[in-house]
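Chain lettering (A, B, C and D) follows the sequence in which the chains are written, and residue indices restart at 1 in each chain.
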Amino acid sequence: MSNAIIWVIMIPLLGSLISIIWSRYASLIAIISNLVALVASTAVLMRVYQSGPFLHELGGWHAGLGISLRADALSSILLVMSMTVISAATFYASAYFTDAAKRARFWPLWLMLTVALNALLLSGDLFNLYVTLELLGLSAVALTALSDNRAALQAAIRYLSIGLLGSLVFLAGVALVYAGYGTLDLATLASLVQANPLSQVAFGLMTAGLLIKSALFPLHFWLPSAHASAPAPVSAALSALVVKVAVYILLRLWVDVFDLVLTLSSTMLLGILGAIAVIWGSWQALQAQRLKLMAAYSTVAQIGYLFIFLPLIAALPEGALQDAAFTALLLMALTHGFAKSAFFLSAGVIQQYCGHDRIAELGGTARALPLTIFVISLSGVALIGLPPSGSFLGKWYLISSSFQAGQWWWIPVVLVGSVLATAYVFRILGHAFGPGESIGRVLNRGREEIPALILALFATLILGFGSAELWDLVAQHAEAAGN
Amino acid sequence: MIEILWFMVDVMLVLLLLALAWTTCSSRDVMRAVTLFIAMGLLLAIIWARLKAPDLALAEAIIGAGISGALLLSAIRDYPSTAIAVDRSPLMHSIINTFTMALTIVMSWAAWHGLNMSDGVRLSEQVASQLAVSGVSNPVTAVLLNFRAYDTLLELAVVLTAVLTVLILNDKRADSTAPGPLLQGMTRWLVPLLVVTSGYLLWVGAHAPGGAFQAGAMLAAAMILLQLAYPSIHQGFNLYLLKILLVIGIFIFVLTGLWMMSVNDDFLAFSPAHAGTLILVIETAATISIAAALTLAYIGGRPTGWEADNHGNRAMTEKGGAE
Amino acid sequence: MISTQLLYALAGVGLFAIGLRATLLHHLLLPRLLALNVCGAGVFLIFIAIAYAGIEGMPDPVPHALVLTGIVVAVSATAMALALGRRLENIKSDAIKSEATKSETLKSAAVKPEAMNDE
Amino acid sequence: MDFFDNLPLLILLSSLLPGLAIFLVREENHVLRTSLNMFGALTKLALVGLMIWGVYHEWVSDMRWQIAPGLELVLHADALSVVFVTLSTVLWLVTTIYAIGYLEHSPHRSRFFGFFSLCVTATVGLALAGNLFTFVIFYELLTLATYPLVAHKGTPEAVRGARTYLTYTLGGGVLLLIGVVWLHTIAGPIDFQERGVLSGLTHLDPWTLRWIFLFMIIGLGVKAALFPLHGWLPKAMVAPAPVSALLHAVAVVKAGAFGIIRVVYDVFGVEYAAALGLLPFLGAIAAFTIIYGSVRALSQDHLKRRLAYSTISQVSYIALGTAILGPLATIGGVVHLVHQGVMKITLFFAAGNYAETLGIHHVSEMDGVGKRMPATTLAFSVAALGMIGIPPIAGFISKWYLGLGAFQAGAGFWVIPVLVASSLLNAAYFLPILYRAWFKPAVVKWPAEKPQSGRWEMPGALMWPPVITAILALLFGLLAGAPFSPLEWATLIAGREY
């Protein structure tokens, strides 16, 4: 598996093609290819863990002339997270779509989304990032439109046009970078970048484009409708992964490439926007009448947390403290990825059971679907940031970094955000525990409930108690970047 | 002297371009806007030629203006209203105006800065030095299918995704009017010409302007024409084969890449000796897929019987359940 | 040479800004789509202006290839957006039609229930 | 001693694993569920017995799990944790028996007992936590595990009560978290240590420490129901009786009180806390809460609510004992942790029995109940008299040591009046109940009487638990001087803390 980094992209791509031709066996093809890709992604992570970051020069051309794929701690961890979520959602989807025609439409696009996610995470080239962003955007829109009702299509159209705008603004930044530095390779660029007007404008444009895609307040307006109206496995991928990889590119650019251009005040601005997103998104989630809409607003809030870390990372001295803040950011992102996907998958089960997802009418679901409500509670624990979830550690470091960086004003934001999150999560549970008739067994829809449970356990137990390796990896990454 | 003349031409082209863009964007009628947009595409093709980008000029004329224009024109028919109204509040309107003006100034400044900053060489020297081992002599094709072939592969995936969406969402557009004999007569000699041109563009791409995208679009144009003239022509077409045509470009691309990886360690690392052939094979497959994709995109949805496979499947299982 | 480059690059910026402004102003799909395409054309123009190396010089082929990719991506996205728009219009008109047939069936007190399209 | 190092983990697992297994047990499978419950409870009891032995002989049991740089999960058994662990384990066993009887034939028993076990796991984990980080984790887990128990009935009232409970405790949890993280950033990881950690770190700014203390006390005070953070407790009374018993006697309120002891003694160090001037502040709140809770209890007719306000008042004795500098007061506070638990759980068991057997929910309906349910009422009387502080019942010992401690610290002038007033008030709200129960003639018809079956006044599983705990309360008072009695153990702790 020395070429796992290629397989992780090419296997789903081939799977997508075969599933078009051989649509009768598309579910099987998708499951197999995603499992193989999951194994390959683990191999990439293992290689990074054992021998550090590495490159794959596509076409054998050195980066600069050619394009290189690169795997380091950040990208390989997110890669494995993304493949885990995708694999679980794949199992789920094989039971979720009861209509054969819809299922046949779903798989090729789903696999294409997987390709786009993996290609994006591993890309080391600015223009290639643009192409993967477009592939990601288009496949995400197509999957949203799969619901095939008015709301979904309107959301999809908005999602598409906003996404295109974001990519074009990003591309404008890329054009300016190429004008000034004559390269598209991230690593080469990192060694060339100086703090000058061109860098600032180009960097600003790229950031703006990516902020649209990562739905940071006030550019989040397209997100709730799209995430709420897509089919459940798609919503899971959109909220857990698609938004997050945009944040990933931002981090990649900020930390690895344009760190000289970055000023404390600009990160502070993003931090403030993040803080507003936390409060506002949580508040909207609390007001939401529908389960999936609530989850979508919660995503807006959770993305906000990630941005609060930026001014902290910028203000902290290089070394252990900065690494800790960075790892905590990663941990928050990972936890949210697992938790939110588990949440959406469970919401899909509830929607299929009840025929709707109106929160006020969920009475009795705790009796009828105990495991699903359990999964919702687990992911709710992670969304609030209670132990033993990974986001508890994330918030711990968010608070401690705020003290260390002397930016105490983020702490009340965390406090209010947590309280609001508690309120919206337990509002659901309160209704779910309400009276209802039928009493189900523990496991009612195994193929849908078990993948969701696995994801929720990742968010809570595994990331909460077993993230020590993660810290090692990031420390290693920081060391490598420092050298 | 000649430079001043060129510069004046440039200024005129630019002014015309900006004027066309502005009128496209501020037009109150969809039909008018689309027409102006197509005109702008053609002007862009001229500008690409002026800036010594003949590959692009071709592509813009065929794809940017041609196919996009055809898609937009046929789409207009689906819309109930053709009037464009701006319903932003005056405040919002002026905020947007101010914002874009500020952005224009800032970006212009940065562009000026960037052009002064660089030595102007960028990657062109590297391309030139490796061109000999790329398997082709047209540098743009070398970049597209060798140095940055991975981009092109993903781009084909983008095309496929878009076309899948088109197929998922809609049935084929109802055939509007019966084609006249004039169109049919014209088609009879135009289509073979287009097909031959397409083949030529594909072949010539190795050493002169042209290549898979231009050729594929040209082929698609031929198919669209055929479809317009003989609306029921596709009914005899094997749809299973059409699916294969749709994916064959990426399929061959990926398989070649993997094969080369097994030989030369890196994905898509062509051996210089065979690079030319391999690129031609990939391009041929890509041409077919692009043509199929653009044709399907134009007809606007699933041809009759597209999902028969699945429906058959469902019918069969239902039957099986009943037994 | 630099003046030509600059002229076209600035034109690209202008095109980008015109497209951006119109994208933000319009709600409707078609005009917005046109505006996005104009916007994209502006970015492409910046790329090609950068690549230009004078009347005598060999232009940089890399931006040419990038823009070619960009054009194909743009046309794909356009096709997709149009398909979404068409589907939405169909659903809207189906809803109006089924509304009409529903009231008709009510009038004639027919027993056949009309299947609804929406989920 | 490898085994001994793993003992805390085993103790946790002995309730965690059966708890998780119980979730999967089918509703009708009564036998399997009961076996799992009893197996867990008895195993835990045996393991705790081992641990008492070990800690008494000063064996060190310390288990660490690195979670992140500077953050370790530490399970550690010391004398103080043994007190709380033993209390929880014994009372869990008794409450489990009680709950099995109480919930017979009611729905969702698997869910109930599953969360019940998780709740005990969290309590024991909190007791065994070896540092603040671990403590916070189990503190939050406890909240989560008890929420479904409070909401168990699923009625709108239950859901509302549960939501109030959650709002208070999680809000408090966040404040505690902020205090703990703040302390972490200035002082590094804090392992609990007898006589405190911070007293050794002289470079810290005293005002920062005072703020941190405030955050922590507010966070812990919510669970300990210190005024004005007590509002959730009476509302959480909608829970089934075994939950109220466990919540109020052991798990939740004691977790808060235990946390206060930990922070004052093993983080700050009681002498350092006194030097920072923090103790009078804590003492004043505790004293006020003692009086306030008792006054409010006077006017409650609903029996469980009266008991709830009584709890608010009684738990603050523990905080009061902590706030007075001196080993005798410490003994009083720590021993009250046990004594109050045993007595209060008796009262709640009895209240549950009245409600279950006769449908009695209010004090005004209790006329003559003593003749109908003598055993339960006798247990209730013992516990109530103990609460008032009548010798030789356990409650007297606590108050005695608190009073002595106050004199020792020179705080007698304000502590003694508080103790006296509180005792009088206790008498004022408990004695009328006893009078009604024993001496007033029985009403003709009870609100909702269940037909009597079998030998006893009610099923044995419901009757014996309060009797047993009442006997314990009596023994803890009578045999206070015996080895391994709560008092002896509290003396041991006080000896190690000064």
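Observations, loosely collected:
We adopt the following convention: contacts are C-beta pairs under 8 Å (C-beta built on N, C-alpha and C of every residue); 3 or more make two chains touch, one makes a residue touch a chain.
Keep in mind the model is a prediction, meaning the values are calculated, not measured.
The count of contacting C-beta pairs peaks for the chain pair B-C.
Ranked by distance of CA centroids from subunit A, the top chain is D. In this assembly, the C-alpha centroid of subunit C lies 66 Å from the C-alpha centroid of subunit D. Inter-chain centre distance (subunit A to subunit D, centres taken as mean C-alpha positions): 43 Å.
Averaging C-alpha coordinates per chain places the centre of subunit A 26 Å away from that of subunit C.
Here the CA centre of subunit B is 13 Å from the CA centre of subunit C.
The set of subunit A residues that touch two or more partner chains comprises 127, 131, 134, 138, 141-142, 145, 148, 172, 176, 178-179. In subunit C, the residues that reach two or more other chains under the touch definition are 9, 12, 16, 20, 33, 42, 46, 50, 62, 66, 69, 73, 76-77, 80, 84-85, 87.
Pairs of chains that satisfy the touch definition comprise A-B, A-C, A-D, B-C. The residues of subunit A lying in touch with subunit C in their complex are 127, 130-131, 134, 138, 141-142, 145, 147-150, 153-154, 156-157, 160-161, 164-165, 168-169, 171-172, 175-176, 178-179, 184. Every residue of subunit C that touches subunit B in the complex is listed here, in rising order: 2-22, 24-28, 30-31, 33-35, 37-38, 41-42, 44-46, 48-53, 55, 58-62, 64-69, 71-80, 82-87, 89-90, 93.
Interface residues of subunit B facing subunit A in the complex, by the touch rule stated above, are 106-107, 109-111, 113-115, 117-119, 121-123, 126-127, 130, 146-151, 154-155, 157-158, 160-162, 164-165, 168-169, 240, 243-244, 246-247, 250-251, 254, 257-258, 261, 264-270, 307, 309-311, 313-314, 317. Within the complex, the subunit A residues that touch subunit D are 320, 324, 327, 366-367, 370, 381, 384, 386-388, 392-393, 395-397, 399-400, 403-404, 411, 414-415, 418-419, 422-423, 426, 429-430, 433-435, 439, 441-442, 464-465, 467-468, 471. Subunit A meets subunit B in the complex at residues 3, 6, 10, 13-14, 16-17, 20-21, 23-24, 56-61, 64-67, 100-101, 103-105, 108-109, 112, 115-116, 119, 127-128, 131-132, 134-135, 138-139, 141-142, 145-146, 148, 172, 176, 178-183, 196-198, 200-202, 205.
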